[in-house]
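Labels A, B, C and D are assigned to the chains in the order they are written; within every chain, residues are numbered from 1.
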Amino acid sequence: MNKLVANAKEATKDIESGMTLMLGGFGLCGIPENCIAALVDKGINNLTCISNNAGVDDFGLGLLLQKRQIKKMISSYVGENDEFERQMLSGELEVDLIPQGSLASRCQAGGAGIPAFFTPAGYGTEVAFGKEVRYFNGKPHILESALTADFAIVKAWKGDRYGNLIFKGTARNFNPLMAMAGKITIAEVEELVEPGELDPNFIHTPGIFIQRIFQGEKYEKRIEQRTVRQRLT
Amino acid sequence: MNKLVANAKEATKDIESGMTLMLGGFGLCGIPENCIAALVDKGINNLTCISNNAGVDDFGLGLLLQKRQIKKMISSYVGENDEFERQMLSGELEVDLIPQGSLASRCQAGGAGIPAFFTPAGYGTEVAFGKEVRYFNGKPHILESALTADFAIVKAWKGDRYGNLIFKGTARNFNPLMAMAGKITIAEVEELVEPGELDPNFIHTPGIFIQRIFQGEKYEKRIEQRTVRQRLT
Amino acid sequence: MLDKKGIAKRIAQELQHNWYVNLGIGIPTLIANYIPEGIDVEFQSENGILGMGPFPFEGEEDADMINAGKQTITPMPGASIFDSATSFAMIRGQHIQLTVLGAMEVADNGDIANWKIPGKMVKGMGGAMDLVASADNIIVAMMHTNKRGKSKLLRQCTLPLTGVRCVKKVVTNLAVLDITPQGFKLLERAPGVSVEEIQNATEGRLVVEGDIPEMQID
Amino acid sequence: MLDKKGIAKRIAQELQHNWYVNLGIGIPTLIANYIPEGIDVEFQSENGILGMGPFPFEGEEDADMINAGKQTITPMPGASIFDSATSFAMIRGQHIQLTVLGAMEVADNGDIANWKIPGKMVKGMGGAMDLVASADNIIVAMMHTNKRGKSKLLRQCTLPLTGVRCVKKVVTNLAVLDITPQGFKLLERAPGVSVEEIQNATEGRLVVEGDIPEMQID
């Protein structure tokens, strides 16, 4: 069960133009920095990216947007990015906006072999256009379908070569869900440990969902909104 | 957020005859022993019990069956219990058998506000009778609905008075799923700890799903199939 | 008339002991500063934390510990962290007792619009659609009128909807109002604000019955 | 003719490096004893463990560490534990490369019946329906005929189905057979068993093309 690869370049070697990718993270928190850099280097384009956000102008998925490598974004919130706005308003970039909970559940469903489910989110809004509506307990719901991807790319705190992962704090977010939904899932970790070091009882993502793993060269872990309080002196 | 109650008796005080209960556990592993004993003592009946299994003759849900307190079982596997067999064959006990994965997902859906979902499990079998069939990617699926309960009763290893829980080993099984799906959820734990003692990063069931918690008086933790290997000498 | 802090203070009075609460970005976030004494609540942030605490002290910011507004935060003792699907299981499954969020428009039937202005850059709905479609108890915190003086409490929303018939209560700089089958029911006036001023600032149906008390805010 | 161990040994030859495998109760469980050298596989048990290891040494049994057969087990280094919904996410989501289970009947179109005999006590399907409906690669391990000598490889199942058109391969005490659009295709004979014996013991359509080799089992 050795899924170790050397680095981001090797992990992403067969990602091609036109593919659909899932990328973990919420804002800039828990994003696969090293793989994104490798994708920028590869110069592939026409990518469909499923990611809750689209990064900022000069970090995260913003780096792929700058180089016009993304054809379509499937996200729940895409503020904080001027280049994104420009491409979207000019029609260069397709954008599919999805309620955040539906996005999370659709990824989870994709990984879990559940092709579709009913949710109340979005009923009566433009999100429901063309979707089946059904009432349960007198309340309207819409049918949402599962999402999968050619590659899912996630970032974890620690992992072993079997692919077992643990995440740190709110950097967990979409990562464990997308890890389940990739035809091939790549995990980049801050720290690679030996199998057996992670307590089986506290593994967030079992290795079965991961096909490739490597320790990232470096992590900037940029903070988007640095908010602090004053110390009482 | 103090959800502490004194014991199983207090935790189950308003469980009434005719109610629907979910009970965690797989076989005799991870079952809420103390609450089951309290339910036997209460002598209520006509219960609908959602539980993967039905215990053995003299332990687990078998204790409730012996006293004819259960009207209906919703389970995936009910072997290992002679009294169960007798009541079922004589028609005293209603039994609704559900594929194990569908049972797990239906509980999870119930807790997650997903009223129904499509699954391939059971298509073409009697489990599919009366259920909607739909094809996704050329493969037939059936529509399964969410399960909820008046009370969900789960057993954890450690918990704090906020209701945060961690489970031990494969005693996790259905417990975290059912914890989400009770209108009121009772957690009994082997060890009660102070809030903050459990690492927020490794909590299996966040306290929001739990309404009452107590430390069980004692745990027999009976083993159903004791299998061992010989030491090489 | 209330300022944003005042709106937050008034909504804080709605908090009940042992409630789990989700606060949206903007005015709602301020509510955490005014929790009444003796009331124990826990804040959920939909990116995946329950038991969200205050901002960290300077120098203790952790890039891996943020809220849904992408702000650095700290966990309270007893906090728990989970993935985004579990987070929305809490929301959709109605395990959260109160959701407070801002709005661009609220209609007198409870419809809400707060995510999109046609022709302008659309940032996305984030978790708002899940929140409003699921919560039993939704309070909108907003100014009564927009920057051009136009009412935000309408007979019908003009902007694309975020959710239908979901808002239960609105707290503005002018008033506290319940959504009823007859429209906005005026419950309280902001200090120094007359019923007439509220009537003038409300385009939707407004129900005024008997004496309308003034809010009690310190 | 093979015994149960022999069937397990033959199926073990199907294992491929880095596969995740779910073994049913009975003959399938024995397969874990015959993993070919150099082949690294991990066993999943649907109650919620991946990386299931051998039984514990006497005195080291842990009531909180069991497999789907309720037997006490041990975890291997690198194992992981999860709830039953995640477990069936692995199964339904086709993350498991091989599922081996027993059967009462298999039809030549891949239908399988293994959970219920009308008029007898029904124990339930457990995870079998999820497993057969989801897995791409399902091998049935069973005796070729039942205790009364009647074929279990049928034109059509007579018992209530567990799943339809799902079985890919059958390994019995007599033969290895693939399920094809033309029916059971005979691939290998058990040591000392003739094609004629297999034909006589098979009620469903049997395709025999060319020379049928004998299984290679140590």
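By our rule, a contact is a pair of C-beta atoms (placed from the backbone, for glycine too) under 8 Å apart; a residue touches a chain by one contact, two chains touch by 3 or more.
Quick caveat: nothing in here was measured; it's all calculated off a predicted structure.
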Open item on the list: Quick check for the class: compute each chain's Cα centroid; which one is farthest from the centroid of chain B?
Closed with: C
Open item on the list: Applying the document's contact definition, name the chain pair with more C-beta pairs in contact, A-D or B-D.
Closed with: B-D
- [ ] Starting from the mean Cα coordinates of chain A and chain B, work out the distance between those two points in Å.
- [x] 33
Task: Whole-Å gap separating chain A and chain D, where each centre is the average of the chain's CA atoms - done: 36
TODO: With chain centres taken as the means of their Cα atoms, state the distance from chain A to chain C in Å.
DONE: 28
Open item on the list: Two-or-more-chain contact residues of chain D, please, as numbers and ranges.
Closed with: 49, 75, 81-82, 85, 88, 91-92, 134
Task: Per-residue multi-chain contacts in chain A, two or more chains - done: 105, 108, 112-114, 119-120, 168-169, 200-201
Task: Chain-level touch network, classified as line, ring, star, complete or other - done: other
Task: Listing of all chain pairs that touch each other, if any do - done: A-B, A-C, A-D, B-C, B-D
Open item on the list: Touching residues of chain B toward chain C in the complex: what are they?
Closed with: 1-2, 108, 110-114, 160, 162, 164, 180, 195-196, 200-201, 203, 206-209
Task: For the chain C and chain B complex, residues of the former touching the latter - done: 18, 20, 40, 42, 44, 49-51, 75, 77-82, 85-86, 88-96, 134
Task: chain B-touching residues of chain A, taken from the complex the two chains share - done: 105, 109, 112-120, 134, 136-137, 141, 145, 166-169, 200-202
Task: Residue ranges of chain C touching chain A (in the complex, touch as defined) - done: 45-49, 54-73, 75, 81-85, 87-88, 91-92, 111, 121-130, 133-134, 160-164
- [ ] State the interface residues of chain A toward chain C in the complex, per the touch definition above.
- [x] 26-30, 52, 75-80, 85, 88-89, 95, 97, 99-105, 107-108, 119-127, 157, 168-177, 204, 221-231
